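Two complexes come next, and they have one chain in common, chain A, joined by chain B in the first and chain C in the second.
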Partner chain A sequence: MSDVSVSNSLAVSRAGFTATPLKGGRRFALQGRKDTLEGAARAFGLSETPAMLKSAAAGDCTLLRLAPQELFIITGDAGLPEAVTTYLGTVPNSLVEVSERQIGWTLEGEKLRDTLAALSPLDMRERSFPVGMVTRTLFGKADGMVWRTDENTFHLEVWRSFGPYLSSMMDAAALDAAW
Partner chain B sequence: MSLLSRASGRTLGRVPGRGRVNTRRPVRFTFDGRSFEGFEGDTLASALLANGVHLMGRSFKYHRPRGPISAGSDEPNAVVAVGSGPALQTPNLVATQVEVYDGLTAQSQNRFPCLQFDMGAVNNLASPLIPSGFYYKTFMWPRNFWTKVYEPIIRRSAGLGVAPTAPDPDHYAFQYTFCDVLVAGGGPAGLAAALTAAKAGAEVMLADETAEFGGSLLFDRASRIDGLPASEWVERTVAELKKLPNVRMFTRTTVFNYGPHNMVALNERLTDHLSAPNPATPRERLWQVRAKQVVIASGAIERPLVFEGNDRPGVMLASAAQTYLNRYGVACGRRAVIATADDSAYRVALDLLEAGVKIAAIVDIRPKPDSELFRKAKAAGITVLTNSTVQRAHGSQRIHSVELAPVLPGGDVGEGKNHRCDLLLMAGGWTPSLHLFSQSKGKVVYNAELDTYLPGESAQAERSTGSCRGLYDLGEVLADGLKAGVAAAKDAGFEGEVDLPLWEVTSDAIGRGGFTGALPRRGKGLTAMAFVDYQNDVTAKDVKLAVREGFRSIEHIKRYTTTGMATDQGKTSNLNALGIASSALGRPKQQIGLTTFRAPYTPVTFGAFSGHERGDLFDPDRRTPIDPWARSKGAVFEDVSLWRRARYFPQPGEDMDAAVARECLAVRKSVGIFDATTLGKIEVVGPDAAEFMNRMYVNGWTKLGVGKCRYGLMCRENGFVYDDGVVGRIAKDRFHVTTTTGGAAGVLNMMEDYLQTEWQDLNVWLTSTSEEWAVIAVQGPKAREVLAPLVDGLDISHATMPHMSVVEGTIGGIPMRLFRVSFSGELGFEVNVPPSRALEVWERIWEAGKPYDMTPYGTETMHVLRAEKGYIIVGQETDGTATPADAGCGWAVSKLKKDFVGKRSLALPAMQDPDRYQLVGLYTEAPQEVLEEGAQLVASPNEVIPMNKIGHVTSSYHSATLGRSIALAMVSGGRARMGQTLYVPMEDKVIPVTVTSPVFYDAEGARLNV
Partner chain C sequence: MLLIRCPYCGERAEVEFSNGGEAHIDRPRDPMSLTDEEWAQFLYMRDNPKGLIAERWRHAHGCNRFFNAIRDTRTDRFVVTYEIGQPRPEVTPEQAAEAAR
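Up next, the complex of A and B:
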């Protein structure tokens, strides 16, 4: 990797595919039993916990249900709403901020699926991976999380040190996707 | 006047008006340096044959001259290298698959000095001396000759092409994909299946290994479908498929591996056929296809006949000659003899005759062949010898005649007659191509009527269709393909009604035929070479010899003779080998079985398998936020799992030893700074966090106060040390656990495993925080003085913050978890900060450290410092068989806890054995002698070899602090041997050592508690 600042060097731009590094926001891993997650969802103003591998928006927060006992929460720079932290003070749970652990990209372009298909063994066709779906998976040799935010837009996050690797892999895959 | 004679001239065998090559696009290529002309659409084999060249290679073992016997991927003989230069030459390609383009260069292989005159052919003369098993029997003695003499010679003389010596400049793409129905093979059955599956609504992928869809229809001039010639029907059907949006079609794409759960691998060759490919194009693309249903339409392969001289150039399969004629417009000879056991050869005879090839005779092993084709051939005036066989083919670099002889009542062979010919065609019947079915773990079943194996019950979501399941009549094949497509779509969830096309098919009526094994011959033929496996040079005699030597199982016969084990996977040889073994053993074929087919179906380049995983992208290259700083200071790096870590920071003129000595002394005298970011970190949170820690670790955690740290040691269930690290209690229900760099993922997995399977009742959850925190270690007597002014008013005095404590605060306004811990034996702190701010913090500490001559140090110095203190490194002192007590950490094991992972195993008597390997220190007698890590220890230097090993050196360094060498070792009953002299036998000397305590420096720990 070159010495240019991390966020610039991690951008990928090829015909039919762009990966734009995400900026700002915070991340929290909230884990707890069913009732706790339900209570938390209500504290966010939602009627229920998002179903497994589904997402829900609440204000400037997004709740991603990554595991039976886990909600991954992406918030604005202000962090979690007070109602949520207050509620969590009353029930058994694990809340760990991981804002620094992850880095991510917004992926777009008509070659998006072909590019992702070079990295992930998951079926990303609309019928198997509809808008709003989220999962952890492998991208090449990096663990990561992918979330479909729109028909042709994905949100992808990996652990920080895998950023340069994944950016290079996406670049190589996007080049191949043209053929 | 025949077509052929008019064609004579610049390209000997080209038949005008025949074939699918583009005669308006001539291309020039070279073979062994000679320039030839071919046409776009030719394979290397068809273009060479058009130029009258049959000799294309030398055989593997006997270096016999060989020409192509087939026209497809089943080719065993015409193995060539394509391209030139140290990086671009691709060896071991078959000329029947290589497509020619302008500028192609190809070379024959396995010959010296040239193809026409090959010194290795001396092996052929010596062939009676080198039967199967020869290597095993002959090259046994003297023993040390094997690796140094025999093997290199054998490898050089018996072999395939030369591997490229420079890195591959091409790049290779990779893609996962999904479909409802994958159709493997684009012949008539495959096209029909793809069409109906697609019409039913399924997402279909159709792949064919050749450049064009159509399979056998591309060389079938006799059949009509819907009144169209077969090849025109192919064009119509392909066009129809291309219009369907739910069909993806791939030519030059081999379905080569059928894995578990319908994961099927395809290799698509994108540029090999192009003269000047766009350099940005990947050369090949590997597809991993998860298919709901697979339709195998892999066709059937014609079987050669086994007779003396059946490998002479000019001897080939009848269907191959037909393919060369009708698909490539090439007549492979002028005067042909056709040896057959099957009706299809008569059609070949008629096709050749029509193109002007003289048919000297058809020899049919069957006593009374009777079919419409047989009668047509007779009517065309062709001489047909029935109940007859080929006794021997004559010729060396090209066949010139063949002896045909009658089979007498009783099975003996009578006197024969020589027939002049330059082409001898073999038609031994058809072998269904079962490779993919077999790879899918389906069991093959012997079919007595067809005398071959067919697909039996499916093990996965697949079905075979067409001639790969023994259907040879075109009408039946197409109907079967249609049905297979509908059924596959239905099983994939597409149940809609499909309008099945009603195709009117007229084709040759086929009778029953085929022959497996060796043709009958006159005389014993002790020196006769009748090849079963051309590519591995296995003869009928070899198979019989294997049986004589006691091999009964076909799997053993295969391994002894190597039949079917070449790169062609025995496509043309398996059934004949089985036939010969069957008659030699006197047991029916179905009782002998068929050998297993293994992936890949045809060879696949290494590049395709590696894809982008090469060079910088071979593995993720994980770097810490401090990496740019370390690079700017000239650090030398090392890989630690996927991380790149600074190993040492040499100053001008320093080698590693000098740099490490300087760094060590700096830490002991004043202060050093070290990047410990890569440590694994896990946040264990929840009301049951302490209970969980109690169960996971050997230590007790209940009494650890908030703000305190403890060294944690973790065993597996077997009681052996698995990982270690310092754990800080951040709150009553929150632990900050650290792990080794390499162990981070494994420890988290093991914890999750226990939590999810054994202790679901615990209210505790795990979050990896390895990359949430960067860690800056500040170690040395001046560490506090450096840090105190930076930590925003935090009191880090010894009284408030003693050794093994943790506090949350800020450093220059940046959030921090500050640990007072030490892996150096000195006063030390580990500053945990967000990685995005870590470099900033590092530089601030660096500035503050300058008055104290702060020195950056790397992993090597870290290792020496900890060894001086006798701190173990998991995986260096331990090897998966060391208990905590063995590793000198018995003190960490709680005696009070009811249970923890490994407790039961640690209670076993064997775990208390006083002779177990235990951690000790070693001093060499000569203080500057540094032992080799891994060196063995013995009690006496005078023991006879093999000596009784009583331990080994695990860590060994020169200690600048102590001015001498030190070593850690695991020694049997080591702790009871203090003061004993042991010996390290090396190749050139024996080094005496004294057993000592593993703690070499500050044994009382005074330097930690300041």
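Up next, the complex of A and C:
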């Protein structure tokens, strides 16, 4: 995600809720069979593929298991480690860089849960959405990916064209939640 | 809100899903050997039961996978969801009664 793609106007700041646009890093969508994902995870230095809807960190990369056949990979600006690209050159798979497609925010604040609840019907409480869980779902009418990085921090990504829509939705929801 | 249990992601809101039509319809192995009527039967003719139906569903705003589900068309209650490729599961009379409730 290049810095120019993230406009500061997409930031949201309300009492008890802030959404800070993410800067830097690259994104990859890897689809493949079970063994392929397993092999890719090992090339990252992990012992196994993250379980469904779970995430795993490997160096400056994060592997997010969004679907049985799909890993979403967030990397630093350097991209994928060479061991991974070398391995993926030897097996059938689909690896697509989607850095320019995604924009995202770090969500924080004590009104975070109320704000998210206005956007998505998912139960974001700790018991059903623990730290490390990730999933794609709908936010208002925009398809997005939400990942709980910490007890009080979420990482939200949507396709770039949904950015202004989602930031204004979050702004309105945060205003309601602060009431 | 209607919840649908995705076999991969668990229970999710109905808005995340899209319906993919009737399930368990196999494409004929050799279409050239079929009569027009048989081919039309495969292409167009579908059951329209008042009661339980096996359908394909896709978790379109989630894991993006197709799966099969048995649903009661009168009440919209889902009896069971299962992965593509598995045979249609047996529905007990109790399950059917619950779905029709």
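Couple of notes before you dig in:
Here is the rule we go by: the second predicted complex is superposed on the first by the 173 of 179 C-alpha atoms of A that agree within 3 Å, B and C clash if a C-alpha of one lies under 4 Å from a C-alpha of the other, contacts with A are read in each partner's own complex, and residues count from 1 in each chain.
The criterion applied here is as follows: a residue touches a chain if its C-beta (ideal position, glycine included) is under 8 Å from a C-beta of that chain, and two chains touch if they have at least 3 such contacts.
These figures come from a predicted structure and were not determined experimentally.
Touching more residues of chain A than its counterpart among chain B and chain C is B. When the two complexes are overlaid on their common chain A, residue A:137 makes contact with chain C while staying clear of chain B.
With both structures placed on the common chain, the touch criterion links A:66 to chain C but leaves chain B unconnected.
When the shared chain is aligned, chain B comes close enough to touch A:114, but chain C does not. Once chain A of one complex is fitted onto chain A of the other, the partner contacts of A:101 are limited to chain B, with no touch recorded for chain C. Once chain A of one complex is fitted onto chain A of the other, the partner contacts of A:52 are limited to chain C, with no touch recorded for chain B. By the touch criterion stated above, A:164 is placed in contact with chain B alone, chain C being left untouched. Overlap of the chain B and chain C contact sets on chain A: residues 69-70, 121-122. Chain C makes touch with chain A in their complex at residues 1, 8-9, 12-13, 15-16, 61-65. Of all the residues in chain B, the ones that touch chain A in their complex are 171, 173-178, 270, 280-282, 285, 288, 290, 612-613, 616-617, 619-624, 628, 643, 683, 685-687, 763-773, 834-836.
Across the complex, chain C is touched by residues 52-53, 66-70, 121-122, 135-138, 143 of chain A. Put simply, chain A touches chain B in their complex at residues 1, 3, 29, 31-33, 69-70, 92-102, 114, 117-118, 120-123, 125, 128, 140-142, 159-162, 164-166, 168-169, 172-173, 175-176, 178-179.
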